[in-house]
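Heads up, there are several structures right after this.
One chain, chain A, links the two complexes that follow: it is found with chain B in the first and with chain C in the second.
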Partner chain A sequence: MPRPSASIEDRLAVGLSERFDPVALENGSRVGVIGGGPAGSFFSLFLLKMAETIGLDVDIDIYEPRHFVHKGPAGCNHCGGIVSEFLVQLLAAEGFRLPPEVVQRGIDSYMLHMDVGTVRIDTPLQEKRIAAVYRGNGPRDAGPAPTHVVGFDRHLQDLAVSRGAKIRRQLVNQVSWEEDRPHVQCSTGPSEVYDLVAVAAGINSNVLQPIEGLEFGYRIPEAARTFICEFHLGEATIREHLGTSMHLFLLDIPHLECAAIIPKGDFVTLCLLGDKIDDSLVTTFLDAPEVRACFPKAMVPRTVCHCFPRINVKAAVRPFTDRIVLIGDSGVARLYKDGIGSAYRTAKAAARTAVFHGISDEAFAKHYWPTCRQIDVDNSIGRFMFTVSHVIQKTRPTRRALFRMTATEQTRTGNRRHMSSVLWDLFTGSAPYREILLRTFRPAFVARLGWNLVAGNVAPGSLASANGQPTNGDANGH
Partner chain B sequence: MGIRSLGKRYRSGESIVCQGAAGNCMYVIQEGQAEVYREENGREIRMAVLKEGDFFGEMSIFDREVRAATVKALGDVRVLTIDKKTFMRRIQKDPSLAFDIVRTMSQRIRQLNCDLAEMRARETEK
Partner chain C sequence: MTETNIYDDSLVYPEQLEKRPPCQANCPIGTDIRGWVGLIAQRKKLGYTRNEAYLRAWEHLTEFNPFPATTGRVCPHPCTVECNRTEKDGPIAVNALERFLGDWAIKKELPTPKLESDTKHESIGVIGAGPAGLSFAYQMARRNYQVIVYEKASEPGGMLRYGIPGYRLPKDTLHAEIQRIVDLGVEIKLNATVGESVSVDQIRSRHDVLFLGIGAQLSRQLGVPGEDGGGCWTGTDYLSCVNRGQPADLGQRVAVVGGGNTAIDAARAARRSGADVTVLYRRTRDEMPAIGSEVDDAMAEDVRFEFLVAPIRIERRDESIRSVVIQRMELGPPDTSGRRSPRPIEGSEAEIPFDSVIVAISQVPDWQHLGGLNPSGDRLKTTQSGQVANTLWAGGDTLNPGIAGLAIAQGRKAALDVHARLRGLPQPEDGDGSATPVARVKPDYYEHQDPLAVPSRAVGTWLSEPDREIHQTISERAFLEETSRCLSCGRCFGCEHCWTYCNPGGFTRLEEVQPGTYFSLSIEMCEGCRKCVEVCPCGFLSVQPQPV
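Here is the complex of A and B:
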């Protein structure tokens, strides 16, 4: 017999719904979550947490075949593993601390490598507020797994389980619509009926096609091929050569948008993002002197694990309908930055809609879609900013100006760090692209950049006075 | 307390926030413990000991007053800063972000009420 549901008055009492949707979660409702990556676990966690605040009792099944305890690609969700400064703060405010077993290295700075020199950009508070994590349980050829290592995805999943979610270690093959409810089918066992299905299956999943086939207007997001590999360097070598900084590269290599080396425990992760990442681009990148200089004796070691995963580069169309919502990479993700952060935002917006506003197409359109749209619109501005970054990559005088301006600012204390703060937020994903762009229009920024364009190119030797390390060629004015 | 920790490290006895100072952030303890003191009439009164996961300094996120107490590291401690700007901007879009902080504050008010009632009871007994 169905239990009585939380009354509409209860929901109105929390002040978040002006007119409650007739299609709503009730006590005893069943929620199926396809995918137990960040989006699926965040959604389950927030749904259970919010439901508890209004005395709503729902059952959640998370379908996830991965245990996240195996080494190498089979146990991992293929990503650079940077949890942004912004997300680390929000999670801490929500009471979710990232423990040392999960954090493989606390990051406190960025090193920007260009052909004209290398400059270090410190966190505004000189504090480790960025977390480098494993999404699985470490690289394939990593030897026996240290017992104190827990992958980020596993950690979030355990949090969701501790709040009451159940894990089903199964791959979903089919989602269908029968008798007004979504049905979830795995390769074995009967199909399960749910009141709400949240699809958090990432961008590489088999289940997105059948969902597109349901013909409610959903279109799978566009994706691009990327490259990730891991090197084993050992803790002492990493400390000496890479420290607690994330290393970014602004090099003139066609089709390369972002390149980062991220130190973690005994390993180093290399990520290459762009619109045409292939073997030859990887070889060109690894041959670059700026890249080799990051490794001992300027030699890039053998990789212990590598893959070419895909990344969401254009939002899905209509990622919701009655009783179905698509979150994280299956819906909308932030362009090239903070994909885990956008998984958090879309998952939370979907959970909030389901608990406080309803689970109909109308409720998701009104209360969930605005969050997705905001990310999508901001991505358009991000695309423009990456185009500008291409221009900088291609023109040496602008690289010199950028290098000089940043390096000079890093020697100063106080708030007048115009370029450093723009680069920091661009690389860390700490601020929306729109906000970063607006900052570059400020007269002080434009004037300083203009001055550095002149000073950095008329007297390139003056680079040597800045806080970075100019390459020999540039210090000599070549 | 090494490479795998987030936040900033404070050594035993070091002040993390000082009573009377202006503040525009709050803190969450990542590892270790901290003690809260309040200075009254030149005397330091220990108010509480905070542990892993506890917040402090949250009042200055919501008001413009100076810090109400001093917080010092009790042994080595790692503390993560949450910027007022980051937090308040996000809260406009997602008010549920404040839920845990409001709950902690309400628990602290409950505790204060209990302490106050006990003090009054002791005074009337005297």
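Here is the complex of A and C:
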């Protein structure tokens, strides 16, 4: 790999196919990172780490006005707070083990709630665990504050700082292009010049507007409105009613793609994803008997905190140019699930490009964009799969088939868990959508589903011995 | 279906509500400090040039106080006591800012503008050209009243002129600020003792309204044996002598009795004459009413302090003072002033040799020639705005000895009251700005900025150049930096947090911004997440309990 500071001779020695990029980081280069969420912190961590391996000395300023230590939405980054097993493993491999004060609860199973019954699906491999975290410092004050809570974002930020990044608690309100360098302007103080600006501002702020205004072709990702709220139940009640499971709901509610209740410490987080989440959908959902059954005395308590965050539903157009790259939700993110995982992937790809290939438009197009495109393509598959799952949700016989197949799998050890693993990965974001889809094409999967479609609808009573608990669907149905 | 209000935290909507900052609440004059500092700090957002911002700030500040260069030097700045920046990295140095802007205006020879162009036919008389009387005269003259001020001394300024030594307040500075009031058309008759050169009746018939700002010129005495006779001074007499440039022979060993600003000023002035000075105070340093930094400076000049002592006798040899016999004290329970009251310790008398004694324990108004205005001679009883009788108002030390800022405040309050009554206007509200105090400012959303260091002359030169000012005016660069430290508690300064983080786009950037108004809020867009309120650093956004 050519070193940016390499001599002319060294550069000439490089194979002709590896053209040296004249726009590259050099010793003393300044990198500005706009946004100190996971994407910004991951990018800073990787950039510093990779730069070190080739003896490159760069300065990083992370602009993040929020501290992620305040309770409630002010200190939060608005998501369900699930770190997928894929990412938990990756982080551990990188040497970033999540400490206990960050992990609010290890999730080892999920409960799939449908009108035809509830089925429990255990983690496919026993030792694997999903981490439920807070993106901020937990919900706003409700009763005694949980102790020793460290938000996931703050944890990563502190890691980045410990590796040498500098946090500037300022809000960026303008990015301009002057004399071949990006300039970052905050509401106070003079503007700062950088050799590279990484924009990791997510999608829940207006910071992206000036970037779009630079007119290099970037278009802000399309977003949809979601709903997240928190209930205070207390540790003991949560253990009794929800356990260490994430609760998923496949209900026939229009516009609802995915609904999850995630237990964390003294609180539970409710997350509703879809293409049109509004007050009436939230009300309908919370009124569903399957949902109410998850709470003590079938009563949904009052929320302590709620918001309607936006999620990417269509990738950004051209999230890079000379000396500017957009990562995480500001660029391309995984559809519905594991946004933190895609922040990790895009941040790493961008850092790798910047350190090893250069920071020109061309370098990003060649070495960074493929990662984004891969996620984008996978999202198309994911969108298809959610459509299929919607059809299943809408049709009672298919719901029964899915329920029966999963429940039966869960009762038998050693069997291949076709449906369980598909559902697990679909709802936890633990595998690419493409991979999950391919599994459903396997003859064994198709055959089993066909059999269950028949068996589940001919003799529903035969499930009594299975892991699932069928409910009296007719009484609770449409 | 359940109730529609499933998430009860969503019943909370934001509102843009300006609140009263602690600096303004604690300033006796009620100066909108946040307002004038903000005009400079936010000048770029507001589209002002630097000079334009200074000018606007100056005009805003002088709405309240015609003496910024003066108070910037002598005011103990209670405005900073509850500054929300204190715990983060230190309060804003409001006095240093005020002083800079005051000096800037003097250098620019800026006139203070008249507020009203129509000449008023009422004639206004003011007795006493101290801070209260001049503040009153200034506010009336700005509203185009004819004002005559009667001053018995040969120079205007009252205690600012005769009570405060030159090393704290140069005469030129005070003169320039008084001249600006004169330039508004106020006539100051000097050497005019009401009751002597002009009678009280004459004045009453000449003016429709009278304002009394005669100060508190009479020093109370100790009431101990040996007090009458040579070598015993009152604090005001001694300082007046020094400030007139008249000789005052104190001898080598000087005792100053008292713990207020007059006592400290007298002690430091005496120290400048080369004497060894000891301040005798009957309580401890904690209870001293004098400005803390002045006490520090006095100590740096080797003024000695004896706490918990009270003089009980002054011993004389022939006519001159030989010594002061003191009694040790201890602190008992708090008295009506809230300070712990001193009690004598029996048998603790001691004799300390002194050549002279300056008594600066407290002062009362001198009604000697003005009996007609206050026949009983008791402390005046007034309304909130200083009205004593139909056509008579009063303010300043005349009512109750206090800092110059309080006198300026009372002069202003009286003027606004008089003007409103004469013109049939609604009564001015008590205080300025909104009434709600700012509840929740989040200093951690602001970047750390080191507090200002006020430049001072080296301690070694303080006594060798006794009249030169000790503390200096800050540089323009420091001035601009210090203004940018203001948190703008309770008032929008355009930080953009709300606009940035509002998901449904409820905030809109205004095309034409004004101080305190940068964004509009469309409540119908609100999703009720309360994020804007929680990320608003200055507390301008707050929750309104019911949806609109």
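Note that the second predicted complex is superposed on the first by the 447 of 478 C-alpha atoms of A that agree within 3 Å, B and C clash if a C-alpha of one lies under 4 Å from a C-alpha of the other, contacts with A are read in each partner's own complex, and residues count from 1 in each chain.
The definition used in the following text is that a contact is a pair of C-beta atoms (placed from the backbone, for glycine too) under 8 Å apart; a residue touches a chain by one contact, two chains touch by 3 or more.
Predicted model, so just to flag it, every value in this text is computed and none were measured.
Using the contact criterion defined above for the overlaid structures, shared-chain residue A:Val300 touches chain C, although it does not reach chain B.
Of the two partner chains placed by superposition, A:Asp275 touches none, neither chain B nor chain C.
By the touch criterion stated above, A:Thr244 is placed in contact with chain B alone, chain C being left untouched. Applying the stated contact rule after C-alpha superposition, one finds that A:Glu222 touches neither chain B nor chain C. In the superposed model, A:Asp180 lies in contact with neither chain B nor chain C. Residues of chain A that touch chain C in their complex: 65-67, 70, 72-75, 140, 168-171, 173, 187-189, 204-207, 225, 229, 279, 282-284, 286-287, 300, 302-310.
Of all residues in chain A, only 46, 49-50, 53, 86, 88-90, 92-95, 97-98, 100-101, 103-106, 125-129, 131, 235, 239, 244, 265, 348-349, 352, 371, 430 touch chain B in the complex they form. By the touch rule above, chain C contacts chain A in their complex via residues 1-2, 4, 6-10, 45, 442, 444-447, 484, 494-497, 499-505, 527-531, 534-535. Residue ranges of chain B in contact with chain A, taken from their complex: 2-8, 26, 28, 30-31, 52-53, 80-83, 86-87, 90, 93-94, 96-101.
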